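Following are the structures in question.
Paired with chain B in one complex and with chain C in the other, chain A is shared by the two complexes that follow.
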Partner chain A sequence: MTLTNTGPDTHEVRPPGAIASVVDLKVHFQSKRGVVHAVDGVSFDILDGETLGLVGETGCGKSVTARSFLRLVPMPPGIAVGGAIHFRRRRPCQHCGGDGCELCDGLGRLPEECSQCGGPGCEHCDGSGIDNVDLLSISESLMNEIRGDRIAMIFQDPGKALNPGLTIREQIAEVLYEHRSEEIMERAGFDPEASNVTGTLVRRRATQRDRRPERILMSVPPFRSRRARLTRATDEMVAEALTETQIANPLKVMRRHPHELSGGMKQRVMIAQALACNPDLLIADEPTTALDVTVQARILELVKSLQERHQAAVLYISHDLSVVSQVSDRVAVMYAGRIAEVGTREQIFSEPLHPYTQGLLAAIPSGSHERGRLTAIEGTVPELIDPPPSCRFVGRCPYEAEQCRSADPILASFEPGHQVACFIHSPEPDSSLDQPSFARKTK
Partner chain B sequence: MVDTAAPRAADSDPAPDSAWRVRSRRVWELTTSLFSNPTTIAGLVIVVLMIAMAVFAPLLTDANMPDPYQMPRDWETPRAPPGTPGHPLGTTNNGGDVLYGIIWGARTSLRLSLIVVSLTVVIGVTVGSIAGYRGGKVDEFLMRIVDVFLSIPELIFALAIAAVLGPSFRNIILSLAVVFWVKYARIMRAQVIHVKQNEYVDAARAIGDSKLRIYFKDVLPNSITPIVVQATLDMGNIVLIGATLAFIGLSEAGIAEWGVLVSEGQAGISSGRWWASTFPGLMVFLWALAFNLLGDGFRDVLDPRTETTR
Partner chain C sequence: MSTVTDTESREETPAETDYLISVTDLAKHFPIKDGAIQRVVGQVRAVDGVSFNVKRGETVGVVGESGCGKTTLGRCVSGLMEPTAGGVYFDISYQDLTRLESILAIPDGERPEAMDADLEEIAMGHRVDRMKGEAWRRYRRNCQIVFQDSFASLNPRQLVNSIVGRPLRVYKEASGNELTEQVVSLLEQVGLGREHLYRYPHQFSGGQRQRISVARALALDPELVVLDEPTSALDVSVQAQILNLLHELQRDRGLAYLFITHDLQVVRHMADRVVVMYLGKVAEAGETSDLFDNPRHPYTEALLAASPDLAKGGEAMPRTLEGSVPDPARPPQGCRFHTRCPVATPICGWEIDDVVLWLEDHPGVFEALSGVSRQDAFEAELSFEEEEAAGKLREALQSEAVPRAMREAVESISVEETTVKIKFHPVDGVELTERAQGHVAACVLDDLGGVTDVS
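And then the complex of A and B:
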């Protein structure tokens, strides 16, 4: 069951530098007590090469937003996904082959041309001539091409995100088999296009599509050496991916099972897996929450340095403002399934506009506080089951007015690059625009 | 599996670790913990002896040609007590050699349990996996079928099917297969539903693996251990129920099968000829006991939920 896009903002012109644009995303869950509006009309852009921090407290819909990028929201109990996530696919720059040159601004990647107009610009690509796909509506096979290759994800708990029964090598090799089989074959000295028997066998082996009889055939002498070459090539690539993450002794770690590694090492393995294919967008879903603070700092540095090297955009999700202030270029603050405020890091941390953001920042303990006293935002997060058409922050907001209880503020521009959803800053909600999304949806 | 997070990464093993070494080390660890339990060793010893007896049956006795599974009949010396020359464990009312019946009966039992267990595991794992992995209506449909099978007691159900099909050894195999697969389907479904919620399944989807590949790579290997335990236990249970069916007379008369032997000897028990029933009965008991001990041992080692007292 998919919502139709009725909001006018679905076709809003997206900034040309955005690698991904989330437009009016809605994810609802069916529960016994009603429909939970976990994500309810979220819109933001991720610009090329930037780190966007997505902050919010537990249960505000951060992770669901992140998982929507890869369509990993389980579909029961999830019942409705509305809106769109536009993603601009890239391909390796043919001029420099991925090393970075003038043609591609050192990114090593060029945008794909629009599939409709092939470059000059049309309605499909908002005149930019750059191809974009809606991650929520493309076919499963195209989605699988993008997953792990163009968009990769780092999970919250590395201890749970690795298969306990496979070695580290096997788990990282899996991404390579899926998306980089041609590179494996080239490295091993085979022609990926070869159509003879050996070529077919090698190709099927490199993509792990081989069946039992082929495996037996590959283990007897004339083919055995070829299989060994493929294995060596894969080993090399896995070792390189692991080396990037500065893990100690990658050749040894490769042969280990996850339970033999520490939490920090496991997270490095996850990062190696995510970056093995050099993705355009890396989604980091609280990657340091399960780690202790010293390891956390090292992992943050690692993510940052790798991002600079690979020029990937990062969507960094966290409930920890201090972490977000360290890693992000821009910050989006989420509250109860909505974006409350978006801006650059400086804008959010030095002049927060939304009362919720202000409350969050005030709640960070600092040395100047009196001992034993902590500031907190009064009240509790509202239930997201069939929410009323009012501002989500009603009941906790110190500036609450009559208007806040009867209408829902929309995200409006306050200054360039700084948007906020609050009546204090945009007193007149434009009623012609996409107004309370739940009024439209709830059946 | 339980994540023990042992800081073993730091150990200094100078030899380069190959995948094969890692795997053999794991097998070695499992084997040593399996054999730290004396009852498991006892079970294993009996199982090995039984299987050896079954495998080497043609060497231990002169096979009764043309069909060695038929009991040889020595009409000269019926009802001979144990110790009679040529018949160390005596003979039955019809002159069947009890020792021959026991040795070739082990072969029959091994054949019965292996065929039934492999059939039921394949069917059960397939049905359970589809139900658990697909979920929704498919799951609902398959599990209602399973419920129907489970609502009838095992023995009665197998007895009814075997009776309808007619008395023969093949029909006993068939009827047991029909009855026993549901258990595996249930276990497998529960396991798959549990395993597919793991984050590594999501992580595998996030790197672009297809659903079928995720099933074979992540779900199946991580959900199969309870099936192994159940299969080991059933190796014993199936012989027990198979012998029961044969005792009632649902097997061909006169074949070397422990249940058939017990039933052949029962008429003589009241007249003091205890041997023809006792020895094969003891074999059924030992067989079931041994596989149960072994299965419990497997469960202690493989199932993280049972705390091992090592």
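And then the complex of A and C:
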């Protein structure tokens, strides 16, 4: 397996600008028929401030990869086999206060220092001195702090992801109560550090940790006016979050339930919820698949403009290459639990190297194709139960050779910034095997 | 509005072609019921006067956003719904069609009795919702449908064998071993095989299930297949497989397709002619290449701009369309697209509803609005609780805050204490006009650059 693994060796030198690095991530699922290798050795970096598109067909492990970031994969049946997701938390740049300066490359944020050594570099942070947490192994309480605050997620179907029983205000306020309670208190004119009875009551209210007797106490004078101040401050912040996403009349929308909104509006609410805490990394899991083209275009535009404003890194997941081409700076193509190709948008779209990427691009219908002559990739994504040690694309690949059936190609660098896992482009073919011929098969 | 005959939308073919399907001024309204006795309080005008034809062996694409009536149209054509007005005529000869058109040109009630009898005769023989007996059976055999959601449209408790073999059994085409052999041959035609005969739908992937739906639709060797978003639930690569399959089947069997989809790239690839629908009406129709290269309706243009295209890359974000499709129970006056149109003019049908909607989106004045009493769609009195709000509205309607076209469409506006009296220039509906050979559009603009004279 040493030859066939996209091992962590390719990531020994992590780019300093990477906000998150997925290293050899393996998530499997227990099923009746065997272990499904849904994500099987995935490695990629997300640079700060960029949009990385993650493309692939249904069932190739895109969503599982995304959910692993927030530890949302149910375990069991999921099994975290190995790998790590390194996430580098950021803090506002003290030099410019978030407006962007030379020190922080215009991002307005700097990486936090390592919690162990405080900067000079130690074993814990691989000598870089930058704070680095492994999202797969940190404690649940630290994960709760990061989830929704530093990393936020937009889900595919806004109709299912929003709670039908709560109003829009309640759903967005939930995020704020969890992560921005101090800001709520400051806005309402309270001291978040106060230790007297009133302060404690207010704090417990602002974090939604109050119990029934406290709630009763808060509903009578003189505490009632304090509660009203907190509610007003929260309302303000929710309205601001909704205004960000260009929802007309946020004060009215706030009071509604999800079923009263259209699909595009619901997706905007999801985005508002995700961006309420100004996260460093936004994961968008097929956010426009359920929407019309016209609405999709507006949501894409919105995500792009918000990303530019907030300078957040975005992991944009989609099965549609044409959508990804509009939003991404870099693109990672995923196939059957592995990364097939990574490169900049120009590299992937004008010079695709992996036969799978080429196939995906050719499958997009357009007026220039002769009817009935779309180059479809034959077959479907293989079932990933105990996969054989061959290239995952064997059986659907038009350039299949003997070597592909006996070994799995490593994700190797082809040119700067462009990596591909295919023997065709392998710089040093394995000498123990005969030089394969990659003649294109004819149907 | 439903009485507008847009005969122009029909392609003027010099040769006398027989049409497989001729949709004439089709309307389908759904009643809105309310109250304890479920009184009908309104109509959702899902399809509201649509005309087009489908020839043998051609593909007609229907595109539009969700909620514009595409699916309802498909269901009316395939006989699953009875139209409220107008009709779908199946396998009608050129002579009959011209006769029918000349009869329908005369309004109901003014026709001589002989014509009525004629109309009745044509309807009994060709109109989908009037056919009976042998004619109905022939139509049902020859018109099949493939649904969008292959999860919902295949019975989860039946084996593939009985799902695909069902039409053959119903029409007593085959039984026993012969039936099984026919099912196998159908499955082979759609890229499946004998090994799939005794499986349940849940054992297949989305693409394979859609293939089973296609096999079922083809069982009786139909002439027309209505494809209602057959690929929108599928991945791009699987979509390409299905589109190739559909094309091969069309080539081998001479099928006609009514291809309903919201994906413009798919329609561009598959269709010979395209009908663009907006809010139950045809916005534009024409030959695919002509319509895509030279759109004559701003809605088509906006749809084209919004559809992501690899060729466009990420350089320029498309010009996007504001808002969503208006409520089909209260369709806008004039051109139905004027509320979202980027090039709207004062004669596009601005009305009181537009003012109310504008108020809703711009808080401040709307809270003070206490009532609207309409004379008609274009004239009304808006009463407010405070004088100040009334003044504000008047100011806003004369300022940059509202679209310029809307501002210019106001005929008169006056404030009397707390009420604002607004009157817009009344406008009729916009009819389809021919722009080029077989290319029609419903827009007051002749050439999306200048305004034509509409009297």
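Here are a few things to note about the model shown:
Assume the second predicted complex is superposed on the first by the 396 of 443 C-alpha atoms of A that agree within 3 Å, B and C clash if a C-alpha of one lies under 4 Å from a C-alpha of the other, contacts with A are read in each partner's own complex, and residues count from 1 in each chain.
We adopt the following convention: a residue touches a chain if its C-beta (ideal position, glycine included) is under 8 Å from a C-beta of that chain, and two chains touch if they have at least 3 such contacts.
Since this is a predicted model, take the numbers as computed values, not measurements.
In the three-chain model built by superposing on chain A, chain B fits alongside chain C with no clash. Of the two partner chains placed around the shared chain by superposition, neither chain B nor chain C is touched by A:Q419.
By the touch criterion stated above, A:H179 is placed in contact with chain B alone, chain C being left untouched.
Of the two partner chains, neither chain B nor chain C is touched by A:S390. Of the two partner chains placed around the shared chain by superposition, chain B is the only one that A:R169 touches, whereas chain C remains out of contact. Of the two partner chains, chain B and chain C are each touched by A:L251.
Legend: residue contacts after superposition of the two complexes on their common chain; A:S262 is shown touching both chain B and chain C. Using the contact criterion defined above for the overlaid structures, shared-chain residue A:E378 touches chain C, although it does not reach chain B.
Judged by the touch definition given at the top, the superposed model places A:S21 against neither chain B nor chain C.
This overlay, made by fitting chain A, leaves chain B and chain C with a least C-alpha separation of 5 Å. In the superposition on the C-alpha atoms of chain A, the part of chain A touched by chain B in one complex and by chain C in the other spans residues 251-252, 262-263.
Listed in rising order, the residues of chain C touching chain A in the complex are 65-66, 205-208, 235-241, 243-244, 247-248, 251, 262-266, 268-270, 288-289, 292, 302-303, 305-314, 317-318, 320-321, 324, 360-363.
The residues of chain B lying in touch with chain A in their complex are 1, 3-9, 16-19, 21-22, 26, 135-136, 198-200, 202-210, 213, 217-218, 221-222. Residue ranges of chain A in contact with chain C, taken from their complex: 57-58, 248-249, 251-252, 262-264, 292-298, 300-301, 304, 319-323, 325-328, 345, 349, 359-367, 369, 371-378, 380. For chain A in complex with chain B, the residues that touch the partner chain are 67, 70, 72, 76, 144-149, 152-153, 155-157, 159-167, 169-170, 174-175, 178-179, 208, 251-253, 255-263, 265, 270, 273.
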